[in-house]
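These are the structures, in structure tokens.
Shared between the two complexes below is subunit A, which has subunit B as its partner in the first and subunit C in the second.
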Partner chain A sequence: MATQHSRAAARVMISPAVILLLGWMLIPLGMTLYFSFLRYNLLMPGTESFTGWDNYYYFLTDPAFSSAIVNTLILVGGVLAITTIGGVLFALLLDQPMFGQGIVRILVISPFFVMPTVSALVWKNMFMNPVSGLLASLWRFFGAQPVDWLSEYPLFSIVVIVAWQWLPFATLILLTAFQSLDQDQLEAAEMDGAGALSRFFHIMLPHLARAITVVVLIQTIFLLSIFAEILVTTNGGPGTASTNLTYLVYAESLLRFDVGTGSAGGIVAVILANIVAIFLMRMIGKNLDA
Partner chain B sequence: MARAVSTRRKWITTVVAWALALLIFFPILWIILTSFKTEAEAISTPPSFLFFDWTTENYGTVQERSNYFRHFWNSVVISIGSTVIGLIIAIPAAWAMAFVPGKQTKNVLMWMLSTKMLPPVGVLVPIYLIFRDVGLLDSRLGLIIVLTLINLPIIVWMLYTYFREIPVDILEAARMDGAALRNEILYILTPMAVPGIASTLLLNVILAWNEAFWTLNLTAANSAPLTAFIASYSSPEGLFYAKLSAASTMAIAPILILGWFSQKQLVRGLTFGAVK
Partner chain C sequence: MGRITLDKVTKRFGEVEVIPPLDLTIEDGEFVVFVGPSGCGKSTLLRLIAGLEDVSGGEIRIDGRDATEVPPAKRGLAMVFQSYALYPHMSVRKNIAFPLRMANMDKAEQDRRIESAAKVLNLTDYLERRPGQLSGGQRQRVAIGRAIVREPAAFLFDEPLSNLDAALRVGMRLEISELHERLKTTMIYVTHDQVEAMTMADKIVVLRAGNIEQVGSPLDLYRSPRNLFVAGFIGSPTMNLLEGRAAQAHGAHTIGIRPEHLDLSRESGEWSGVVGVSEHLGSDTFLHVHDTGLADIVTVRASGEVELRHGDRVFLTPQADKLHRFGENGLRLA
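Then we have the complex of A and B:
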């Protein structure tokens, strides 16, 4: 079908994008890999020397690393649990006939468009502040002692903020999936006497399986790199109580200026993200064949 | 096919859905309300909801104290600049992959996607050092370059899924009728491709506007877009809720409105076509 000539033209059209992305991926990543084997501190320029695996050893045995891994898992897992379960329920609700459906959809999707620094700062100050926050007022209204969310439950608070941002995303995607559900099949099941619950578990949930997988994988990619929300709320603290892997690498390289250790951490983060990416790529690759 | 539902059930659904939707939307509503309060009212307990002296002075103060509009303009330049450059690079690529698919097309697409999975923190140090050495730190150009590259895979993918839906048969038919290639592109393909390109543009402006890893790490006072500017409010300086709210309202309003128009594209763009 395509001629020799058009093949060549196609190659020329694709190459700028490929070359740029290749450069973007290989050059910095290569440099990170190289730095990760160096003793390299920005405060002591000119003293770089090869140290082998020392940076990796130092990074991986640092107690901050294990707590960062645990925090990352809690952050990703917590947000995923809230957004997928909440998203399925929300999408199910929004799929029902109602008045003003369009406006409800707009209201629900809105948090996704709020920039991370705004949502983090607003939640931190106007909602979670123990004196003047709205939650403190609510607690007082019910006669309870206001909670200092970000110092007492830093990680939980960040999970809440991030979940608020991502619940709309999950809802929107799952709602899209719900809308492609075969209504006749549902009606047939209903006529055959299937109850609401069994219709949900035997028809709707299997139909959603693919969309749920996509939601989980894509959110995981983004959630592994949560940064702004931590930076403006807790700075990873108290101590390392809310430091995730991304924040730890940032602190290592740009706060402590230890480029060597930071780079080793960066490589560790890349490897972990790749494990998730492989699953996601398989999913999307399958769809490409269909 | 809408199923017949009793009016009563429809009303119950409506009430429950509206209540939950308003709860989710409430923080945004609260930002907007607070931006019209005085600082004293903004932290008053119990909080006042609608019955306060509405004032617009915060919007003026925010501009006076920190030249808000320079940061706003930075956001505009960076998000639109990176998206337009991205489109210029991506349109030919997506076009070629959709209309002249070769054996490697799928692999190239998947590989492009894989670059998006690279955690930014993995390349933070080299990019920071390169930018420092060539003077791109705290420059709009530097951010445009980075955001173009990180969003390029999404742009290519979105365009590809749109272009692939353009029926090739139409081209064949036009060719039979003797249309020249130039006319083919001008009168047949372009009108069919424009909606897809517009959606891609919209979604990527949104993503670039809200990007908050590179904008925070690579900018200082000079080229900071709104994401980084708002972050500067994290140091407490006494009474500032109303000003924070005014700055935030202006920062999120344009994108919120764009976002409402791009819900469908959002699904397609962020799932790489896996959910439509």
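Then we have the complex of A and C:
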């Protein structure tokens, strides 16, 4: 039915949406790109001038940059590891028939509905606070010195907080994957002499491969840009111990009022995110076809 | 060896008793078919033997040893599922090798068994494919291959052909019978299709609501069904079951006569009626005869070339020695 005429009409019809979307993405990107080549400091308005690659040079040679890259990778990798492994185990548990299954499932899913800032503040003030936190009480109960989590292990603490938020997502996706596993296959494997562990590694895990890929891809996209949790807990510190790339861009442009360097950092972050995305698609994206 | 004995085996799901206490012996090398209508407990019985379900009571013995508490893998039985239950991410070779790998068999012996199974089942050219790339019949053969490489004491089949189309079903039926002739291993085969039961079995077990209605060779069941249920279930088209006047004349509450045991005549006979639909199969014609005063429809087998039309009056005479007589309780009268 797609005649020349109707195809032309279709293009006209969808053009407002496409133009809106393009503008939505291209204008901010273009402006960031433009700012990244300017000397642009909010403390000295009206003095903007073209500086070429200077902003990029300053951003990339800043010692905070390399530590931010490392922190970003640790953050993403740590959360991915905890959520996929934990998610598989949780899903395995939730798939078992048990009393109160519906309620338990809702409880497990619920952290996902809590806003990132709220959950980070809850962790900061109610769990990890060295004086009044639950963990501190626990430590004292066992006669140990309470730990000031956010200043002694800042990055680890943030990994824990973010993993807590994303575990339900991974669990949910993996649980639906478990439920689509043909029970006959498990029974056939049982008759073929496969024990519980063999069944898990030879039958269940390959069945989950696609769902795990989805979890890793989607989470990576969101985890590369974690910000709120860092802002409300450690502010990137102490020093730059918990500063990731997103937070560094924020620090440059809004704490040091240097919009030019911040924009350069933003462009660097976009490029790095694309490299990671290509790398990921190459590595595990093949699980998604067929 | 594969002699399987069920002794008062019972199965309950919660309050529901699916299998009331049941005794059955399956001899070594026998091809036994469990047949019965859908939901009568055939699969459950097979899964009890396999160990995939726990018995609620009674004892299962395999080759004389109590296997009631033995886990499925240790019973030495192999099962072929209706859904084939192939492992989709493994090649055909890996699928067939799986039970051998799980038994830690050495690689050379694995390969030898896989090659020979593939040869028997015509799968040699497909060993490197995934199950998703095979047709239904080929998948079925892979499932059978995975069972035979283990060299089990007995094979369990749960409606293995019901996902195949009619032509393929006939072919696979022959292949499985052929396999049994070759291997001489005990086979237990579950089906709801009495044609499969009649054509394949050494011994048929007819089940209804978990109860064994009759056990016997296909011809035993055909010639002397023990009760009305077996009489109506075995044979195609089904036996004509007649009550009332005609039955009383033969001293029974119900009489049964198969379509092939009624003599047809245009002039005279014991009963008369009007021809309705005729089903022409070429070799035979099945006539539906109405208005006999015996039952709504009496089915008669006539020769393929019979020249009878809708509305013709015909006379029917049952062959006296082929008449089945049943009492009020539904049991066969001697």
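Convention: the second predicted complex is superposed on the first by the 262 of 290 C-alpha atoms of A that agree within 3 Å, B and C clash if a C-alpha of one lies under 4 Å from a C-alpha of the other, contacts with A are read in each partner's own complex, and residues count from 1 in each chain.
In this text, a contact is a pair of C-beta atoms (placed from the backbone, for glycine too) under 8 Å apart; a residue touches a chain by one contact, two chains touch by 3 or more.
Note that the structure is predicted; figures quoted are calculated from it, not measured.
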| Is this a clash or a fit when subunit B and subunit C both end up on subunit A? | fit
| request: Based on the superposed arrangement, let me know which partner A:194 touches: subunit B (first), subunit C (second), both, or neither? | output: second
| field | Centroid geometry (CA): angle subunit B/subunit A/subunit C, rounded to a multiple of 10 degrees | value | 80
| task | For A:202, select first, second, both or neither according to whether it touches subunit B, subunit C, the two together, or no partner. | result | second
| said: By the touch definition at the top of the document, which applies to A:185: first (subunit B), second (subunit C), both, or neither? | reply: second
| field | Most subunit A residues touched (candidates subunit B, subunit C) | value | B
| Regarding the shared-chain residue A:69, is it in contact with subunit B (first), subunit C (second), both, or neither? | neither
| message | After the superposition on A, what does A:147 contact: first (subunit B), second (subunit C), both or neither? | response | neither
| request: Report the closest approach of subunit B and subunit C over their C-alpha atoms in the superposed model, as a whole number of Å. | output: 6
| request: Could you tell me which stretches of subunit A are touched by subunit B in one complex and by subunit C in the other? | output: 184, 187
| said: Looking at the complex, which residues from subunit A come into contact with subunit B? | reply: 2, 6-7, 9-11, 13-14, 16-18, 20-21, 24-25, 27-29, 31-32, 35, 90, 93-94, 96-101, 103-119, 121-127, 131-132, 134, 136-137, 140-141, 164, 167-169, 172-173, 176-177, 180, 183-184, 187, 210-211, 214, 218, 221, 224-225, 227-228, 231-233, 245-246, 249-250, 253-254, 259, 262-263, 265-267, 269-270, 273-274, 276-277, 280-281, 283-285, 287-289
| said: Could you list, by residue number, the parts of subunit B that touch subunit A in their complex? | reply: 1-3, 5, 10-11, 13-14, 16-18, 20-22, 24-25, 27-28, 30-31, 34, 43, 45-47, 89-90, 92-93, 95-97, 99-102, 106, 108-110, 112-130, 149, 152-153, 156, 206, 209-210, 212-213, 216-217, 226-228, 230-231, 233-234, 241, 244-245, 248, 251-252, 255-256, 258-260, 263-264, 266-267, 270-276
| query | Touching subunit A in the complex: which residues of subunit C? | reply | 50-52, 71-73, 77-79, 81-83, 85-90, 98-99, 102-103, 132, 146, 150
| field | Residue numbers on subunit A that touch subunit C, as the complex places them | value | 182, 184-185, 187-194, 198, 202-203, 206-207, 209, 290
